[in-house]
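The following blocks contain the structures, represented as structure tokens.
Both complexes shown next keep chain A, but they swap its partner, so chain B is in the first and chain C is in the second.
What follows is the complex of A and B.
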């Protein structure tokens, strides 16, 4: 057996991806269904010189990774819905202070403590707008372990490139199911290193003065440069200001650095789209059910296709509009009350042709659930 | 190989979930097949009736849950009563003779084997009951090679316990072959 092939849970695939990407600091507080991420990192991270801390709660975990990231570490925390709610305030701080970090949310049923051991995709909008104030953020997801690994590496790369928190939005089914994972060789997936300042010790360093390409080189906090970090609107030294010009400039920068690079971070997969009359749009574990239906229907000659979203935010509106142009109808498959449905309806030219196949009872949406909705759309009854 | 869907059910602590992981891992890592394993979480896994789903196939597996198993294993009366209706017609329904009384007419090959009794008689360690069950399953289905199960076990348990597990696996296979 090749040592690079493992049979693991999705949560462990995330751990493998994070370690591949160079994670060297993790702080967290255990919560189902994300706990295995902590368990495996508790065993693995210290052995390779990284730091693992179980904090007193989710708020402290988020704050700890922000601090560690500032000192130059690649950082991550993992949680589920209730913990993700607690992290929002510090997440906002990380957005404002432009701290690279990765936050995993393995979704379970909500709101509140909800349905802890069962699957849901109810946190899609929370991952976009859980933080108050106008901002942009990147949310990635995956439906199988190979992609969990890939998207985790991608999350670290995006976090470093744009100095931003990145949300990895998995769900209970993907987190817990076991399947094969092939770990790529070192170097097979390129890694983005922390961009550090070239400014020497004793020379003024401006932590929030962008280079010409818009990127902000960092200086490991506590080493050679002294600077301020704040959640308030701040100037290029990092000190608070309410100067309208600076406030406006920073607000624009925070949104534009993600939105104007949206095409770089928008990942997706296409299946049988060329001649598709009906296009399914899905993500996470429900994309497995959708692909199952599409493949089976293709065997019967029915022209179904699938777009699997791997980046949920920024939402790939243009892609959806272009790909769905020729479709007779579009079916969004998700396990919530229609959170991505709304985005798809906004994206396409014919929102009345967009339908929802959902399941919200804590069970994975099945092929039968999707087939029944298809029958209704096609006017065949159920 | 045809796609095979299995459900292992029993009581929390009997090791049905561990057995399901070992089978799926053996198929995926040592027999070059695709395998997906899922299980129930929560209170059921700690004393109540518990369940694990496994799919093994040559082809890619997308939908991971099992609705109509080709192979259903029930190690308690409760799990038998609960799950017997889901078996695919003509499938294999494996039960333990000590724990389960077959009181339903099921369109399946019902195999009631004295697995627990044999384990207690010959090995005296109830902990390997699940491995004996796994032996019966692979004898009845030929899904994976016994050697693959042993290779998987070797990566998971202390070497001192390997022999006991090998005995249990072979015991199960003998019971399965003569069923």
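What follows is the complex of A and C.
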């Protein structure tokens, strides 16, 4: 029996992925349905010399991981809807100050306290625009535990590469479902190490001056370069400024560093797309039901295909437009009132042929829910 | 190292108003750091938002200028991650005890080794003179034009109740004592609070007809007395200065190390 095979919850798969990626500092606050992530890390991190702290609230957890990241650690926090709302202020700080960190949101029903123990995908747009002001963000998701693991590692790699927060947007079903996870051997998935400056002591170091490739080498707090970190617009040393040229330059940089590398971070999976007349687009636990429908219909000779999104933001508009070009119609499957539907409609050349199969009652969308919409689209009655 | 070596000279003159007490706190802080012979690389200054929080930009340490009220939460992350660093957290009264009140009591409760300097000028200065939780009943501010009906609380008593293991108070007038107290606070292993009564002649002084900076400083001299003095017995209204509370309790990062050792043994 291979010791690397586990039967675990999705939340634990996330923990395994984070530890594989080198997570060594976690701060959190208990909240359903993400709590198992912090419980497992409370046991695992001290054993391997990492740091775990349960903070007084969600705000403080987000702040604490930013502080720890500045000392050179790989950091993460995990939460759900109400906690994710509270974290937005400090998330904006991490975007502005360009601090690598990973924020997990295991979605439950909202708004407000909502439907804590039930599934939803209602925070898709919040993960894009929850922070005030123009900015870019990377949001990843997954539908099964192997991908939860993979996307978690990917999140840390992207965070380090672009000096940015990355959001892992899972959902209650994926978080709590138990299934097989195979933990890859060391080195099987490449890890991105923190890029540290080669500037010597006594030489002027510019923490916010991008290299030619756009990356910004960091210097850990406590080492030889002393600089300023602030949520204000700042110059290349990190000192506050309202110089219009610098403000504009930094605003552009914060957006461009993600948007111009969008193709590098846009992950997806496709199933039976080549001759698909009907394309389903889905993500997270919804994609499990969508794939089930597609496979069954294929057995009956119907030409259905599936695009499973693993990167929600930056939204892969070009990919969707190209892959859906030949489709007769497109069906977005999600558990909200059409948050990705809107993006798909904007992306394709025929928005009138894009439909929604959704569920917003806290239950997992089923194959029957999807089949019912397909019948309507195909003119077979209700 | 001379005091001058600790500052980022190119950012002077500072942004504070004429007569503001915050520059005096900066002075006292620098003299404490100098007296301790600390190296600049071992100090991280974490601040929030407000007049007081701008102190971090002027100092040649690792400086983290964060969000309103959240400095102690960021500082907790830095300290927990790298306990060898000395963390100093300058805060305003509103920053520390209104928006940041929760972080304040919990940092105290954990007894994590941070040095919090609360510069209490009883007003929100940066936004132009609104009342803070420390303004006091009956005072006047832009958001209490008919007299403030909010009661205040005692920073030191609150800190002690919340679990801080070093609590001291002084004023911007008593710069020598200020420096001594900050020094003692940095040396203390655990959560240290140094409350510094600081004057804001621009807003609190003007609105409450307390005169200019000189009058306000003179007032600090008159309304305070060293802890345990005879004057206090004669006049209980006087506010005590000095180290008000100092006890030994397990420090958070040390406790974590011990817990970690236990976890690794049981592996």
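Just so we're on the same page, the second predicted complex is superposed on the first by the 382 of 382 C-alpha atoms of A that agree within 3 Å, B and C clash if a C-alpha of one lies under 4 Å from a C-alpha of the other, contacts with A are read in each partner's own complex, and residues count from 1 in each chain.
Just so we're on the same page, a residue touches a chain if its C-beta (ideal position, glycine included) is under 8 Å from a C-beta of that chain, and two chains touch if they have at least 3 such contacts.
What you see is a predicted model; the values in this text were computed from it and never measured.
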{"item": "Touching partner for A:89 - first (chain B), second (chain C), both, neither", "value": "second"}
{"item": "When both partners are placed on the shared chain, which of chain B and chain C touches more of chain A", "value": "C"}
{"item": "Touched partner set for A:186, first chain B, second chain C, both or neither", "value": "neither"}
{"item": "First (chain B), second (chain C), both or neither touched by A:295", "value": "first"}
{"item": "First (chain B), second (chain C), both or neither touched by A:242", "value": "neither"}
{"item": "Partner chain in contact with A:223 - chain B first, chain C second, else both or neither", "value": "second"}
{"item": "Doubly contacted residues of chain A, that is, touched by chain B and again by chain C", "value": "none"}
{"item": "In the complex with chain A, residue positions of chain B that touch it", "value": "21, 24-25, 28-30, 34-42, 61-65, 67, 151"}
{"item": "Chain A residues touching chain B - in the complex, by the definition given at the top", "value": "1, 5-7, 32-33, 116-118, 172-173, 176-180, 285, 288-289, 291-292, 295, 364, 366-367"}
{"item": "Touch list for chain A against partner chain C, complex", "value": "25, 27, 43, 46-47, 49, 51, 53, 55-57, 59-61, 63-71, 73, 75, 89-90, 93, 221-224, 226-232, 239-240"}
{"item": "In the complex with chain A, residue positions of chain C that touch it", "value": "11, 40-42, 44, 46, 56-57, 60-67, 70, 73-82, 84-85, 102-103, 105-106, 256, 259-260, 263-264, 267"}
